[in-house]
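Shared between the two complexes below is chain A, which has chain B as its partner in the first and chain C in the second.
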Partner chain A sequence: MIELVAKRAGMAAITLFGVAVVVFVLLRVAPGDPIAMMIGPGATAEDIVRLRASYGLDQSLFNQFWIWLGSLVQGDFGTSISRRVGVGQLLLERLPATIELAIMALLVAIVLGGFIAIIGTLWRRHWSVGAVDGVNGLLLAIPEFVWALALVLVLGVALPVLPLSGRINPSLPTDFKTGFYLLEALLTLRFDLALDLARHMAMPVLALALPLAGIIARVLREALGEAMMQDYVTLARVKGMSELRLILSEAMRNAVGPTLALTGVQFTFLIGGTVIVEKIFSYPGLGNMAIDAVINRDFPLIQGLVLMFGVIFILINLIVDFAVVAFNPRLRHG
Partner chain B sequence: MSPLLSIDNLSAVSRRDGKPILRNVSLHVDSGTIHGLVGESGAGKSTISKIILGIVSGGVVVTSGSVMLGANDLVRMPEREKRVLIGSQMALIPQDPLTALNPGRRIGDQLTDSLRMWKGMGHKAAWARGLELLDHVAIRDPQRVMGLFPHHLSGGMRQRVLIAAAFAIEPKLLIADEPTTALDATVQKQVLQLLKRLQAEHGTAVVFVTHDLGVVAQICDAVTLLFQGKVMEQGTAETIFNTPSHAYTRALLAASPRYDDPAAGLNPIDDAVIAACRAEVAQFDGAQHA
Partner chain C sequence: MVDTSLAQTPHRSWQPALRAALGDPKVLVGGGFIAFLIVLALGADLLAPHDPLAQDLMLGSLPPVGMAGAEPGYWLGTDDLGRDVLSRFIHGTRTALTVAFIAATIAAVVGTFVGLLAGYFGGWVDAVVSRLIEIWMAFPAVLLSILIVAILGSGVHSVIFAIAIIDWTRFARVVRAETMAQRQTDYVTAGQVLGFSRLGILAGEILPNVLWVVLGLFTLELGLAVVIEAILSFVGLSVSSDTPTWGGMIAQGRGIIYQAWWVFALPLAGLLATVLAFNQLGAGLRRSLDPVMQR
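Coming up: the complex of A and B.
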């Protein structure tokens, strides 16, 4: 067990180092100069040189990387060029907002996808399964940013029932102790705040959740259909179990494993989707900040963000691996 | 006394091409007896047992006849009532013990499903009864086995668990679908003896599906011999084995390997007998259409 954890940690470190090298080199090879984005119209050549030197951008690529990596292992992500604040602090501020958004989207996707899969399995020999197929197909075919725009048009503009942007109504008190606003509001029983937070999250969560729900529904239905043809389900049917009970208590536990593995991979895509969706809804998370950072050529911030996303992806994969084992008794004792 | 299970003039066709699968099958099983349903692959013996258990696939359409359990016609009952009737009064011992247990559920939970569903037992009472049931099928250390998953058990052990589960609710009718085919020869005999013992203790009626006449001779009271979905011969085991009247029965008996007389060798069934059987089936089909 300890060996396994050490192995995974070592793999993670190598992966992150690779990510660090790639993002560092790519940023500097790609066109665009952070200094050019900062200087005012009246700046002299000396000003530019001085500014460049103060950020260390006049040094060799290797030196820059070495300095950055050296501070990184001490927990210092550097200072954001555009915001003039520590990158580590910016990341910690924004991370909880994105985690809340992604987790909520994941939960909605699991519930919705699971529901569609169960209905689809229940109706699998009935013509009405066509309706389920249609809905599932729509979910699979439409990407998250199209859902985001469609939701804005329908629920934000045509029937303005949900707020269009932000995380919370600015007139509400936001004296939160952590960045996990929704969780904190629920735990401190501030349901007025929780409701407002939920209303702000509803559209971005839906936009992110719908495509993932489509994938979960498709994979789970496939696995459920497969399980429903197994002998143990036939035997359970003879025992007199209802169709729904056969699906939930016999087939489901054997269908969850394969679905879980794929859901994990797809969840990382959902995290990627937060970048554009947070931007569309001006949701103050990592993704929103990432777009601003790229526009401003804010090298330290981009590097920090990419590393942060790398850590998130690695953690998700780790959790999925353990969850798959937990759901399969044959692997549990192996 | 009227029989427990009465199948009368049961016919079924394939949904895909309308070809007959069962041709006017009638058979009756009395309480406390074992009825052997014998035939080669595709003879319709599995289809009959699936119709009885309400698990026939969508590819089979029952066109006429009735399957009566007591006063209830299983062919014409509403689905929900049928499910309750089958669940509470019948049980199945499946063919392959390796696939018939849910790999994700503990033995104890699968064993006690029926007790909790139909005997009104709580979890604790059902668990205690489960221990007794396992003990009764000669499984050692039932306490431990109840908490295991199927992949921890051998094929023979799993078949014992399935037999214990089948007898859990003391069913009136038990369908044994080639329950020994997937097992080693040595385990086969033990399982047959176990089945016979429990059947006698509970007075259960059994429909025993098999293609093995040796097994039939060991445990069956009555036999129905099927060929292409048509009954070729029917009667008590004694009559069938001692004074078979149909050429097909005689050919089948002659084709059984003789362990006591290796010199006799293997005698495949004569093509002429098969041709005669086919002709009989064709004649029947012709009479149906006329």
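Coming up: the complex of A and C.
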């Protein structure tokens, strides 16, 4: 077990280093001078040299990489070129908004996917299962970008029930002590704020959750269907247990494991999806900032952002690996 | 079906497989819509009722025919600059399909090649490829594509390159696993015993058997590539703003959604239908072509 943990952690570290190298190389071979975009029209050649040196851009690529990696280890992510603020500070400011969005989407996906799987299993011998198949197929086929736009059109414009952009109504007080607005509003019992936050999150959350709900529903349904054919379920059925109770209390126990492993991996794709979804809804998270950073060629900020996403992805994969081993006794001694 | 697996070589002839595919309703519906799009893309110059770039501010923000204030001849209305929405949509099909086919082909070829090598040779080749795939998957796809296009500069070539460089892993992962499974089979062992070269076995024996899987993935990839192109042109990083694209129309329509929702709605509907069509085509092809799924 300890050996396995060490091995997975080691591989994760190698992957993370690889991510750092790829990002660094990609950005340094890029044509286009970030300094040229920062200087005003009256800048002299000396100004440019000084500015270049202050960002370390005058050194060799190899040196730049080690300087950068060394400062990363010390927690210094450099300074954003377009925003003139520390990258670490910017990341920490935006991270809670994205975490809240992603976790809400994950919860909605689990509830919705679980619901579809249970209905599908319950109706599995009935003609109406075709409707469940159809819904599930749509959820699987349509990516979050298209869901987000469809939601804008339907719930934002045609039936304007939800706000189209932002995280909170600007006229409301935003004296939050943490970045986790929704959680904080709920904990401090400010339900008017929580409601407004939830209304702003509803469309981006749905756009992110629907594709994942489709995947959860498919995998869980398959696992439930198999479990429902096992002898112990038949035994419980003979004893007079209702179908719904059979699914919830008997079959579910064996179906959750494989679904969990897949949900974890797919959760990283959901986080990747926040980039464009946050942009569409002008939601002030990491993804929205990432697109602006790329368009502004803000090298330090892009590096910090991509590394941040890389760390999140690798951490989730690691947690999933361990969770699968911990939940499955057969793998524990492997 | 009578089990004749011992007498059969693992190769399948194309004819019965194709006949099965053409009889599949999913293939017919999905493929039919894609064929329609291809016709639109190829014949855009003839089929579009207006010049997609011609502006006429006197005809700005006209609603689609059937709504109050519509102008005959502008079937699906105009945008705020008076450009015909239907014509722009038809021309946008061209960019979407060109990018999708070229990008998906490159991704499929590269991914299949890498996957075959990793799956067949195993050992350090597989270790390097697996680690590479894992590093690749640690990047959010959308962010990586935007990053690549931002680095290379916007334009069709950059968009194609970005999609291919992101999605080769989809093919590599599946082909690697499939090749590993094929390597264990008797016919590959037989080939080795008979003294076929490794390359001969890989190209002549294993490749034909993983092609079915690649074809299904390729179809799905086409749909994904259309979406990524739309995302990139939505963000303003695809082709120049002179060329109409679905994503560009969506971004423009987003800005004027309260005055002219149709500028937003038509390309969105097109994108949705295209994604679903490729999806159905892929599912149908997989069902009718994959020898494993037929059993």
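We take it that the second predicted complex is superposed on the first by the 304 of 334 C-alpha atoms of A that agree within 3 Å, B and C clash if a C-alpha of one lies under 4 Å from a C-alpha of the other, contacts with A are read in each partner's own complex, and residues count from 1 in each chain.
As a convention for this text, contacts are C-beta pairs under 8 Å (C-beta built on N, C-alpha and C of every residue); 3 or more make two chains touch, one makes a residue touch a chain.
For clarity, every value in this text was computed on a predicted model and none was experimentally measured.
The superposed arrangement places chain B and chain C next to each other on chain A without a clash. Look at A:90: by the touch rule set out above, it reaches neither chain B nor chain C. When the two structures are aligned on the shared chain, A:157 is found in touch with chain C, with no touch to chain B. When chain B and chain C are set side by side, the one touching more residues of chain A is C. Of the two partner chains placed by the overlay, only chain C lies in contact with A:142; chain B stays clear of it.
Once the two complexes are laid over each other on the shared chain, residue contacts for A:241 go to chain B alone; chain C is not touched. Of the two partner chains placed by the overlay, only chain C lies in contact with A:313; chain B stays clear of it.
By the touch criterion defined above, A:207 lies against neither chain B nor chain C after alignment on the C-alpha atoms of chain A.
For the overlaid pair of complexes, the smallest distance between C-alpha atoms of chain B and those of chain C rounds to 17 Å.
Residues of chain A that lie in the contact sets of both chain B and chain C are absent, per the superposition on chain A.
Those residues of chain A whose C-beta lies close enough to touch chain B in the complex are 125, 230-242, 249-250, 253-254, 327-330.
Put simply, chain B touches chain A in their complex at residues 53-55, 58, 83-84, 86-88, 90-92, 94-96, 99-105, 110, 113-114, 117-118, 149, 151, 162.
Listed in rising order, the residues of chain C touching chain A in the complex are 131-132, 134-135, 137-144, 146-148, 150-151, 153, 223-224, 227, 230-231, 234-237, 250, 254, 257-258, 261, 264-265, 268, 271-272, 275-276, 279. For chain A in complex with chain C, the touching residues are 11, 14-16, 18-19, 22, 26-27, 29-32, 137-138, 140-143, 145-146, 149-150, 152-153, 156-158, 268-269, 271-276, 279-280, 287, 290-291, 294-295, 297, 302, 305-306, 309-310, 313-314.
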